[in-house]
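Please find the structures below.
Each of the next two complexes has subunit A plus one other chain: subunit B in the first, subunit C in the second.
Now for the complex of A and B:
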């Protein structure tokens, strides 16, 4: 080799070095970017659900001090809980009280809005309380009611509720009992989302954002804006007459046009006034954990689904763990190495990768129709999930048993134990932490499983907490699936909150698994 | 096993007799256990006291514990055997009795009405809400109830009698050289084999139920029309005599939808999963690894219904808004949204398996490559990846199989309409979604709709099984090579 050759080669290497180093950096950054994307996706998933669930943490309740009129609640006068529940006009009592505040409602059409404030189901707790304590009748007792879910969503900032504005009117004309016209004072600013072309007269129909005005306990809806001059119709009459000059107003602007939302401007006006006067109060929301499912989002909770999940998982655990451990012990310690045990092993590995929905089909045809088991029952759900979790438990248990060093077995056999004794007295206790960790993780997976349970009818509306293994019930993930499909806006937050509850349960189970592993696992 | 746990509704409502038999059996078995334990202890003690001084005392072959267990098993096995057998043949016997007692005008009814009649009678007899209530039904229900009561009694008495035989027979077996331990260990072994067999049985159950129902479907619907037909509208005609009363089950649109969504998911998951696996195993410091790896695996632990909700409420509107900004018509549910989220879901399947196989590539290969002057990226792309390729392909196949079988994401975010389209912004439906749609809600069991769901399930099962078998074999074979 000549020096010339070497120099030429060196020159070639040198000239390519920069490009190679660059491509090295590119490659490395690509890997980093991919890790970043994965982490960001993970965060986005959790954060978006977390933020969507926030509105469900509090709820707005209508608080009323109700005089409990005996005539209305117990027309027969028997004070018998049965009679009170069936005959009492609870909604009437609530309505009478609301009419005290809005005496004109019956005349101006506000009656319908008021009757929608509290749903029939939301009144049931009060009915139950009174029926259980009939001597409350005749007293004046404070009650609180879950508010209409759309109004609740609005008051929490839904439908584009804007920050409230304030201004003073330079002059004000009452055109007719239900219409006013007013001029904005100089340098008073109007907070309104639709105010882009201020010079032109703007008609506020259902297609543009709404603007509501509040003064002296009354509410008005703006119909036209032109050069700082507002025309408005009255929704709720003010308590005292409005001043002709320098009248102070509060305003609320709702970004989503009235035609596009489930809640009307009238309902919003009532809601704003009730909130301003302290009759609607926000408080922490426990319905999610305390109630069973309901068609009204304001009353729906997860109690029945949580109990259903618990019962189902109990069945799964009781079936999977003993059978899985026994199968693992047999395959790892006793099975002869031949074609058949190989087949069993291949079979178990493949079973672990079969789509979960196929197990649902198995449950549907074998358990529901061949064995005629009840639909929607935690028992059947538990068995289906057990079959699904079985291969996972077997694989995890085998790994744990395999990790126990042969010296333990040999020592046991050496002092005269039989094979079965060496396994059950020595190997299995040492493998228990690993087996438990694997089983607990399999349970966590079973807790989140949805598809197979849809097949066996656990996707039903269950308003009662299941009492036994054959009662109709549903489970947390299926409840989430059902809630996600319901149309009202309030379900979004509810569903997100339900997901948070499910994730908390899963984290809890995983923490148990980690603790078991950390505390009891032995490294050999 | 399943029937023995008293699952059948008829068994349930007649629980007391069976319950008493069960408790009696348990009582007998426990009593026998402790009695033999005590007797066996006494035997050992007597042998010791009677032994000649200076000689080692004689001991029974088995420990007292095993004698006790032997007695317990001898009592329980025949007793429970009879109970389980009784419970499993009871529905058959009941139906026989009911059929033989039917009045002529009922037994001449067509089969489906007859089945309904029997079901109603069963519901009246054992609790439940029957669809109708007539004196004839009441009569048959009474007969069924009394027969069932009698059967329960017979089974319970028989069970206890057989258990008693075992109980007394095993009492006499206690002796110095009776090999109780071996018998008990055999019983344990049998139990373990049965447990292992259950896993196989599950596979058989899946295959048989799928094949059986699919065969029923192909009896009324042509297999070619199913596999190659393009119109999917499973609505059954309202009148029984209507033309084309089976609906239309051309599944091409479903296969296409499943394939496209899977493809989107793989396009998302493979670069991200593989890229992270390479970065984590070759570049990242140990500290980064210990934090990021569990983070990625967290994605695998999140329930699929959560992904579905995320796709429905966050990703689908995002896709729609972006599509509209670009001037594309996008439906609120789209294959793209479902595919993207599914891709995120299967990232850990690609990354953690790939990570394993990349780590399994021996260090000598890397060192050899560095010694030749290759940079790290050159080593990875020209040495490590080719060496790990079979394993990586295996992990991708597993991820594909996972994506094909995924249900909740597509059920929530991809839509229900069978749309023969290649545009990922359209609504699409998949095999799994249609299985769910066909089988949820109220419908009778023996209808083409139900059977069609099983036919779809059969296709899904077959394809995923083939993928899994190949993938597992490839991954395993590859691992052995470098171990």
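Now for the complex of A and C:
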């Protein structure tokens, strides 16, 4: 009887065993799949941000060897920095130099384009350098200027820039000083959206992609294509006359129609020539890290936001960690267990779940309104973020303190240590890795926080690097938020680059957390 | 009222344990005891863990507490150095007289008390610091020694007394947690000795150790007895028989019987004691 029962039981176990093993395998595969999806998503996110930010990692600069004319820069001749700053015609010096290369610009309307190459703000570093060092006047000194951001974007491949390379014209007629007509050689094809061989004449107005031609230092804009025959208007006159036959051309097409972009074909023509002749050079984008915010994307940088974030986090750290750790020590080691401590505990847990913008409102009404503290200041931002991070730090610290084995406390008390001594000599050092990890992760969270700071005015345009805790300032995530909303094309890449800087900050903080944990980790 | 006088063997020199056993309560009294418990009641919240325990513990002898799990012997041990204070819900009534002073008075500082009543726990619990730091921690917080040389002397003396010096003298800077279980327990004993207590409480000091380490600790207890009053809680009756001169049997929170170890093991007066030591329960 029992043998029969046993056999029956074994059969049941056997029959279910396969299903159980299968379900275990399934569960494991699900887990692996989830981890895989998470890793891929994370990877894609980082890759997409990285590729979007690529254009912002380098910048094109206009490099000019400028003879610094005393008449223009210091008309009074005092060599006084004040006078140089207020009366020097720096833009004029730059323009004069550009006109040496493009002498016809004043006559054919290229002057306006040239004056837009370098913005007023982009000239100020040169002005400052000369004013600080008046001895430069009279010498010939190389300067480099941040290039107009739209042209910069174009030169990095924006607006659908495509260089189709070279071709030769079979014959070429100069119809008027500003118009040419040319026939492509038999075996040469001009790839222009596949339409170069179209029998119908194609008019190139502002609604279709543009085609620019370059030869002998001059630039032309194609206006019509028919049967391999091109009509073009002159933008920049060539240095030497074009040959009637077999003239070599370089071509560039811009996929985005002229009406749809912020940068005109004329500007692009000047940019292409300046780049081809080595007056526009690319270099790693130091501006992004060295400058404060600006309305001109080519001059905007993250320095003020980085300093603001640093100052704000310092305030947050200095407030949160001591208060949080002490509160955790008291609650865990000293507080009696009664109704009131239960209430405190419940409320701390609830506070950790309060939406962050509520802390911003609190900061606005309490610190700005009631205490009359300065707006937009890292001090107030730090306090608000500290309030937000405090519950998290307390909860993490309590968990770390709870994890210290009671035998260590007993050992200390057993040799006659007082309660405070047992906590500070033994429990806290052992809880330090956990406390620091929790605190640093709370700091990382605070670093990425935007909403509460909007409420206390840290969303302002700050063109100066904050010097103290009460100076107006902004922080990285808010800067990203503001940049993302600005209209020029260059902000797109800049925003991604700023996100990368923020992520690097985060990674740095997390590495600190790991190092601290490794450093203080002890086994018992 | 009967008076029993007996000479204890096992290398005991002149120590004479004079006990007076009360025929009704089985409670013995000792002349000039080091520790005297009078009417100790312990409560954990609503639950009473110890009922009216009266017991005298002599100096320079080993007293062992035996009894089944949960009988209150550890609780009673922790009353002697007021370790029960660290448990919020725990309340202790009665008098615990150590050297003629009731330590349960409010005016007695438990820190002061624990400086003269050392304690060794069930699981070896060295601090996660160096061997040296483990031993000097007590003397340092009590301010017993200031100079490095004094501390060094304390470390050597304590480790020698704990029989660990020869094994660790070359690696005092290594973490105490790197030692084996038996060595750790001897390190903990050295740590307790370092503050020069008069009484050493041991709460099942060998329950986590193998027989060889246990034998070493028992040997050590026997040596230490000459200078300290040792009170040990143990699950092992053979250990109680080996190391102690006085044994107290606890059951269900009550002290059932106490007396010279030989008497308890050979001629117990209470049937519960009889049943326990013969292995009928527990």
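General observations
The rule we apply is simple: the second predicted complex is superposed on the first by the 476 of 524 C-alpha atoms of A that agree within 3 Å, B and C clash if a C-alpha of one lies under 4 Å from a C-alpha of the other, contacts with A are read in each partner's own complex, and residues count from 1 in each chain.
The rule we apply is simple: a contact is a pair of C-beta atoms (placed from the backbone, for glycine too) under 8 Å apart; a residue touches a chain by one contact, two chains touch by 3 or more.
Everything numeric in this text was worked out from a predicted model, so none of it was measured.
Subunit B and subunit C, once both complexes are superposed via subunit A, fit side by side. When both complexes are overlaid on chain A, the residue A:19 reaches neither subunit B nor subunit C. Contacts of A:407 after superposition on the shared chain: subunit C is touched, whereas subunit B is not.
In the superposed pair of complexes, A:426 makes contact with subunit C only, with no contact to subunit B. Using the contact criterion defined above for the overlaid structures, shared-chain residue A:510 touches subunit B, although it does not reach subunit C. Contacts of A:418 after superposition on the shared chain: both subunit B and subunit C are touched.
Ranked by how many residues of subunit A each touches, subunit B and subunit C are led by B. Here the apex is the CA centre of subunit A, and the angle it makes with the centres of subunit B and subunit C after alignment on chain A is 40°, in steps of 10. In the superposition on chain A, A:337 makes contact with subunit C only, while subunit B stays out of contact range.
After superposing the two complexes on their shared chain, the closest approach between C-alpha atoms of subunit B and subunit C is 8 Å.
Residue overlap on subunit A between the subunit B contacts of one complex and the subunit C contacts of the other covers 418.
Every residue of subunit A that touches subunit C in the complex is listed here, in rising order: 336-337, 405, 407-418, 421, 425-426, 430, 522-524.
Residue ranges of subunit A in contact with subunit B, taken from their complex: 20-21, 23-24, 26-28, 30-35, 37-39, 41-42, 44-45, 48-49, 52, 322-324, 326-327, 329-331, 334-335, 343-344, 346-351, 353-362, 364-367, 369, 371-374, 379, 383, 387, 390-391, 394, 418-420, 424, 444-445, 447-451, 454-455, 457, 459, 470, 477-478, 480-481, 484-485, 492, 495-496, 499, 502-503, 506, 510.
Put simply, subunit B touches subunit A in their complex at residues 2-3, 7-9, 12, 91, 181, 185, 188-189, 191-193, 195-200, 202-203, 205-206, 209-210, 212-213, 271-276, 278-280, 282-284, 292, 295-296, 298-299, 301-310, 312-314, 344, 347, 351, 375-378, 380-381, 398, 401-402, 404-408, 411-412, 432, 435-436, 439-440, 445, 453-454, 457, 460-461, 464-465, 468-469, 472.
Residues of subunit C touching subunit A in their complex: 81, 83, 86, 88, 111-112, 114-115, 118-121, 123, 125-128, 137-138, 141-142, 175, 177, 188, 191-192, 194-195.
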